[in-house]
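Presented below are the structures under discussion, each in the form of C-alpha cells.
Each of the next two complexes has subunit A plus one other chain: subunit B in the first, subunit C in the second.
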Partner chain A sequence: MINVKSFQKRANIIGWLLMIPTILGILLFIIYPVVFSFIMSFTNWKFVFVNVDFIGGENYKWLFSDAGSQFWTSVWTSIKFTFISTAIQTFLGFLLAYVLYNMHPKAQAVYKVLIYIPVLLPAAVVSVMWVFIFEPNVGLVDVLLSYIGIDNPPLWLVDDDIALGTVIFVNTWQYLGFTTIVYFIAMNAISRDVLEGATIDGAGRGMLLWRFVLPLTWSSTSINLLLSIMGGLKSFDLFYLFTNGTGDHGLYVVGLFIWRTAYKFKTFCRAVTMSIVLSLIIAAISLTINYVLGKTEDKIDA
Partner chain B sequence: MPDTNLATISAERPKKIKRMTSKTQRMIGTIILWIIMLLLTIMVIYPLLFVLSTSFKEYAEFLDKPFSLSLKHPENYVKAWVDGHFSVYFFNSVLVTGTTVIAKVFMSALVAYCIAVLKIRGYKAVIVVIMSTMFFTGEITGIPTFLLVRELHLLDSIWALILPGLLSPAGLGALLGMGYAKKIPRELHEAALLDGAGVLGIFWYLDLRLMIPMLTFIAIQTFTSSWSDFFWPLITITTNESAKTLPLGLINFQSQNNSNYGVLCAGLCIMTVPIILLYCFLSKYFIEGVAAGAVKG
Partner chain C sequence: MKKFLAIVLGIMMIFCCGLVACDNGEIGGEPVDDLDPETHVKISFMHMWSEHAVVFEDLIDDFEKEHTNIEVEISITPYNQIEQVLQAAYISDTLPNVYTFYTHYMNPLVSSSDGVMAGTLNSLHDEIVDWFIQPDSWEMGNLKGNYYSVPFRVTGELVFYNQTIFEEKGWEAPTTFEEFEALMDAIMADGQYTALAAGGKEDQITYLINAMSLFAAVLDGSVEEPGYQVGRLEPDEDTSISERIYEKVKGWVEQDYFGKGAIAVSKQGAIKEFTSREAAMVFANVNNLGDISSIMPNDEIGAFAIPAPAAIADQVKYVYGGYDGLSYNPGASEDERAASLMLIKYLVSDEVQQILADRTQSIIVNKNVTYHDPTYEAFAEEYKYVGAYSTGIDYMTGTHSAGNNSIMTSYLSGTSGQTAKQIIDLISDNVYADMQDPLINNPPVDWYPRQNPKKDFDQSWLN
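Moving on, here comes the complex of A and B:
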C-alpha cells in the first residue's frame, strides 16, 4: 500500500514528463494558431510581417460588404455541392448496405472489402484518374458513349453547367463505400429476429426498410450526414485538382477561395477572417443538423 | 417501439393470394436490386482496373484498343520511377508518413497510458483540452502554422512536412487509446507493480503491447491520411522538386506528361500500391475502424 502511494507520486512526475511532446504539439499547432488567427483577423497583415497594424473590424466589414460578395458565392457553391452529394451518397449508401446485409456471407465478405477501396485512395490519385477517364474523345467515358452512338458528349470537367455534377459524381464514387459500411455495421447490430418476425407477419420489403431498418439505424444516418456535410463544406482537394487551382467552371468553392486569398493574392488578414467565419458556418450547420436529427431520434425512441 | 409495430402489422395480415403476388413482386425486386448492385460494383471497381491495364500500354496501343488487357509494356513503370522522379517522391512520402505514423502511435499510446492508467494529477483537464483540439481543424490553424514554418525557415524543405507530422497532437487517436487502455484490468498493473516494474516498465512491457490492436488502427488511419495529404505540401513545398511527396509529384508529373497515359497510370499505380497492400493484409482493421471512428464521431 505504501508502495502504491509512492508509485502514484512518481507516476505523476513521469506522466507529466511523458506528456511534454503532446503539450508542445497542442501549444504549437492548436493554441497558438487559433489565438493568432483571431488576433490577425483584426489587422491588415498582408504576407510578410512588416507594417502590421490593427484596423478593428474592417476585415469583417469587408466580408459583409458588396466587395466580399464573392466569398458568399463560393460558400453557396460549397453548400450546393455538399447537400446534393450528401443526399445521393446517404440514399445510395443505405440501399447498398441493405443489399449487402441480405447477401450470402461469403459474397458479403468480398464485397465489403471491395467497396471500401475508393475511400482509401488519395485525392490526387482520384482526380488524376478521373481527369484521365473524362478526357475528351479518348477517355473511357467518351469512348463508351461513342459506342452507344453519342458522338458529341459535353466536356465533363469544363462545361459550366456540368462540371459541378461531375465533381459530385466523383466525390460520391469515392465516399459511397464509407457510408455503406457505416450503415452495414449498424444493420448487423439489429436483431435478426425482429426482421424475421416482421417478414413472417407479412411486411413487404419496402415496409421493412421504412418501418424497421431505417429507424433502427438512425444513429448511422446522423453520423453519415454529419461527417459528409462537414467534409463537404471543407472540401478543397478535388476542386483544386480539377481546376488547377483556378476555381473556374463553376467550381469556385469556399476552400479554394480562402486558399487563393491567402497564397495567390497574399492577403492573409482576409483569409484568416474567412477561415473563422467558415468555421462558424460549419459549426452552425452541424449543430443544427445534430439537433434536428436528435429530435427525430427521440421521436423514434418514444 | 418495434413491438407495437409488429402488433399493427399482424392485425392487418394479408390474405393468401395477396401473398403469392407479393412473392413474385419480391422476386422481381430482388432481381432489379441485383442488377443495380452489379452496375454499382462495376462502376466502383472498373475505373481502377482500367487504370491498371492502361499502365501497361503505349499511347498508340491505348488509342487502338483501350479495353484490351495486356502486360506488354512494364517499362512504363521504369519510366515513371526514374524519368518521372517517382523514386524521389516515393522516398519522401515514406519518410514523412513513416515518421508521422510512429510519432502519432507513440503519442497516442503515451497519452492513453498517462491518463487512463496512471491517472496523473489533473488528467480530467487534459481530456477536455484534447477533446477541444479536435474542434479546430486545418481551416483555422493552416495559415498561422504556415507562418510558423516560414519563420523557422523550413519552407520548401522536407522538414516542413516532417515537423508538423511529428508534433501535431493526436486528438482522435489519443481519445480512442484512452477508451481502450481503460479496459485493461487493474490487476495486471498491480501484479506488474508487485514484480517491481517501474512507471516506464509497465508502459513498455504491459500497456504498449496490450494496446497493439488499437494502435494498429491508429497507425492505419494516420498512414492513409498522411500518405494522401495534399493541402499542406501544396502550400509549403512550392518549388523544391526534391522535397515533394507523391501527391504533389503526381500532379506535377500530370502537367508535364498530359497525354502519356501509360506512364501516368503507372505513376498512379505506384502511389496506390502501398495502400492497397496494407489494406489486403489488414482490411479487418480498416473496416472495424470505421465503426470505432463512427461511434466517436
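Moving on, here comes the complex of A and C:
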C-alpha cells in the first residue's frame, strides 16, 4: 500500500530542491540589486566605496527640488516619446497587418520578411544609417528634398523642436514590423467562418474591420501597447547613439539622464534614487494601462 | 516561507550596510627614489593604442632589459572603453600599476574616487617638467594642487587647409587672428568654397568661442589671476567682451562661413566637405591626415592653430585638444609604485619619445624630439600650443553644466531665442550650481574673486 503522506513529503522536498537554482537566481540578480540600490539611495555613494556615509533622505529631497528638475524634464520627454511612438506604431501596425492579411499568400511571405528586417537590426546599425540619411546637405533626405525645391530643410537631429519627432520616426520604422507581425498572427487566428458569415449578412470591409477584426485582435492590442509603453519608457540606445551620449537638443530621455548621472557625473547614489522613482512611475503607468485594457477586454467579451 | 524570505532580506540588508561602511581606499604616497636594483617586482601596464601594440611591446622589452629586476605585463583596452575598464578594475582590485588615460580629463578618476585611483606626481613634475615642449600641459592634470597625470602624447584639432587651392587663389595661411578673419571673408567673397567646414554637431564651432575667449583672457590679464588658474574666476558683471565674441561667431554661422546647416554637421561630414573640395579649410585631427591625403592625392594639405590677435600673436595660439597621459595606482605596494614611476619616466624620456615619433607618427610631448617627415614637423610646431595657459580646475562639474555645450549650440543655431548675455549668464549659473552641489563638490566651492583690475587692450579684432 502506498504511503501518501511520505510520497507527498518526498515530492515536496524534490520540488524545493528543483526550485533552488531559480530562487538563488532571483535572490542574486533581482532581490539583491533592488535591496542594494534602495540602501544606496540613502548614502552619498559617488562611485567607489570610499568615504560613503548615510545621508538620510537627501537624495530624494534633491530629486524633488529645483536642482533635480532635469529628472522630471527627462521623464516628460520619455513619456512624450513613448506615447506618441506607441500610438503611431499601433495604428500603423494594425493597418499594415490588415493589408498583409488580405494579400495573396506568396506576397504575404515576401512582405512579412521585408517588414520584419528593421526589427532585427542592432540599434548601432540603425543609428549610423539614419545619421547618414539625416546628415545636412549631403544626407539622403536633404538631397531628395532639394530635388523638389526645398533648399533649406530643417536640421533633423539638432533642431530642438523636431529632433524628438525624428527619433520617433526612426523608432517607428524599426519596431513597426514587430507590431505588424503580432497583429497579423492574431488576425490569422480569427475563424474565417465568422468573417464569411458576417459578409453573407451584408457587412462591408469597414464593418468587418471595425466590428470583427479589431475586437477579435484586442488581446494583441493589449500586448503591443504594454510592450511598446514599457520599452519606450526605458528607451536609451537610439538616444545615446543619436546624441553621442549627451542627450542634447531635447533628446535627454530619462534612461540617458540616469546613465549620465551614474557614469559621467559619478553620482551613483542619485542615479539609483532616480531608478527607484522611475521604477515606481513605470509600474504605476503599466498597472493603469493594464487595468484599462482589461476593462475594455471585459466589455468586448460581454 | 515568509520567515525564510524575511531572514534572507535581513541578511542582504546587513551585507549592503556593511559594504557601505567598508572603505577600500588605502593609498600610499608618491615614491621619490628608484626601486632598489636587488628587489624584483612585477608590474602591470595598460595602454589604449592597439594600433601601436608592437611598438609598445618593443619599448617594454627594452625597459625590462635595462631594469632586469622589473617585469612588466602589458594589456590593451580601446580608448573608448578605458574609463569604464579602469573603474571596474579598481572595484575588483585589479587596477593596473601604470595606465594611460587623459591628462586633460583626470577629474573622473581623481575627484569622484577621492584620489584612490591615481597617485600624485608632484616630485616627478618638478624633476622632469623641463623635458616638455609645453610645460603648461601638466596643469591640465592638476587637481586641487596635485599633479595626477604625465602628458605623453598630444591629441587635438587644427585648421587643415588645402594648400593647392590656396596657391591657385593667392591665399595664405594666417599668422594673426585679424588675418584669419580676413582670409575667411576672402574665401566667402570668392564664392567657390565654404570658408571653414566644421562639425557643429560635435561642438567644433564653439572652438572659435573658446579661442577668442582665451585671447581676451590673455590680453586683459585674466590668465594671471589665481581664480583663472583653478578654473573658477568670478564672472564679471560686464560681459560685453564675451557677448561680442558670441555674436561674432553667431554672425559667421548665419552667413554660412562653416557651411550650410553646419550646426548639425558631424566631424566626418565636415571632413567630407573638405575632401570633396567644397570647403577650403576644416577642423581636423592629425590622425585624419592619412585618410584625407589618400582621398586627395593631388592636393597639398597644410595646418595651423587658430592664431591670436596681432598684439599677442607670437605668444599664444589656440588648439582644441589635450593629452593622452600616464598615471599610476597609488594603492600598490611601495616597490610597485617605485617601479611604476620608473616606467613612466622611461616612457617620456628623449630616447623613447623619439622612437614613438618615428614609428607611430604621433605628435609627442618631449621637446628634444625631431620629426623626419616635414609635414609632421610642421604639425608638431602648431600642436605645441595644446594646453597653453591651461588651468588646473579644482572642482567637479556635473548635472547642471552638462548641457552648456547644447545651450551654446542652440544659441549659435538661433533656435534658443536668447541673447548672448542671457546665454553667458545661464552657462555661469549652471557651473555655479555644480560648484555648490555638496555631492559633486564636498565641501562646495565658490567663485574666486578677481585680484587685479582687467587690463585695457585693443579690441578692434572683435569688430
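Here is the rule we go by: the second predicted complex is superposed on the first by the 272 of 302 C-alpha atoms of A that agree within 3 Å, B and C clash if a C-alpha of one lies under 4 Å from a C-alpha of the other, contacts with A are read in each partner's own complex, and residues count from 1 in each chain.
Here is the rule we use: a residue touches a chain if its C-beta (ideal position, glycine included) is under 8 Å from a C-beta of that chain, and two chains touch if they have at least 3 such contacts.
As the structure is a computational prediction, the values presented were derived from the model and not from experiment.
Peer 1: A:32 contacts which: subunit B (first), subunit C (second), both, neither?
Peer 2: both
Peer 1: Please indicate which partner A:113 is in contact with in the superposed arrangement: first for subunit B, second for subunit C, both, or neither.
Peer 2: It touches subunit B, and subunit C stays clear.
Peer 1: State whether A:278 touches subunit B only (first), subunit C only (second), both chains, or neither.
Peer 2: After superposing on A, A:278 lies in contact with subunit B but is clear of subunit C.
Peer 1: Check whether A:160 is in contact with subunit B, with subunit C, with both or with neither, and answer first, second, both or neither.
Peer 2: second
Peer 1: Which partner chains sit in contact with A:263 here, subunit B, subunit C, both or neither? Use first/second/both/neither.
Peer 2: both
Peer 1: Which of the two partners, first being subunit B and second being subunit C, lies in contact with A:234: first, second, both, or neither?
Peer 2: A:234 contacts subunit B only, not subunit C.
Peer 1: According to the stated criteria, A:125 is in contact with first (subunit B), second (subunit C), both, or neither; which is it?
Peer 2: So A:125 only meets subunit B here.
Peer 1: More residues of subunit A are touched by which partner: subunit B or subunit C?
Peer 2: Of subunit B and subunit C, more residues of subunit A lie in contact with B.
Peer 1: Which partner chains sit in contact with A:246 here, subunit B, subunit C, both or neither? Use first/second/both/neither.
Peer 2: Once the two structures are laid over each other on A, A:246 reaches subunit C alone.
Peer 1: Between subunit B and subunit C, whom does A:292 touch in the aligned arrangement: first, second, both, or neither?
Peer 2: A:292 sits against neither subunit B nor subunit C.
Peer 1: Where on subunit A do the contacts with subunit B and the contacts with subunit C coincide?
Peer 2: 32, 36, 40, 49, 131, 138, 244, 263
Peer 1: Within their complex, state which residues of subunit B touch subunit A.
Peer 2: Residues in contact with subunit A: 1-2, 5-6, 9-10, 13-14, 19, 22, 25-26, 29, 33-34, 36-37, 40-41, 43-45, 47-48, 50-51, 54, 62-63, 66, 103, 107, 110-111, 113-114, 118-121, 126, 129-130, 133, 135-145, 147-148, 164, 167-170, 174, 193, 198-200, 203, 224, 227-228, 230-231, 234-235, 246-248, 250-251, 254-255, 261, 264-265, 268, 271-272, 275-276, 279, 283, 286-287, 290-291, 294, 297.
Peer 1: Quick one: in the complex, what on subunit A touches subunit B?
Peer 2: Interface residues on subunit A, with respect to subunit B: 3-4, 7, 10-12, 14-16, 18-19, 21-22, 24-26, 28-30, 32-34, 36-37, 40, 49, 92, 95-96, 99, 111-118, 120-125, 128-133, 138, 140, 143, 173, 176-178, 181-182, 185, 194, 197-198, 201-205, 207, 211-212, 215-216, 220, 223, 226-227, 234, 236-237, 240-241, 244, 255, 258-259, 262-263, 268, 271-272, 275-276, 278-279, 282-283, 300-302.
Peer 1: Please name which positions on subunit A make contact with subunit C in the complex.
Peer 2: Checking each residue of subunit A against subunit C gives 27, 31-32, 35-36, 39-40, 43-54, 62, 67, 70, 131, 135-138, 142, 155-161, 244, 246-249, 252, 260-261, 263-267, 269-270.
Peer 1: Give every residue of subunit C touching subunit A within the complex, in rising order.
Peer 2: That would be residues 8-9, 12-13, 16-17, 19-25, 84, 87, 90-91, 108, 111-114, 116-117, 200-202, 259-266, 269, 272-273, 396, 398-400, 402-403, 405-406, 409-410, 413, 415-416, 433, 437, 439-440, 442 of subunit C.
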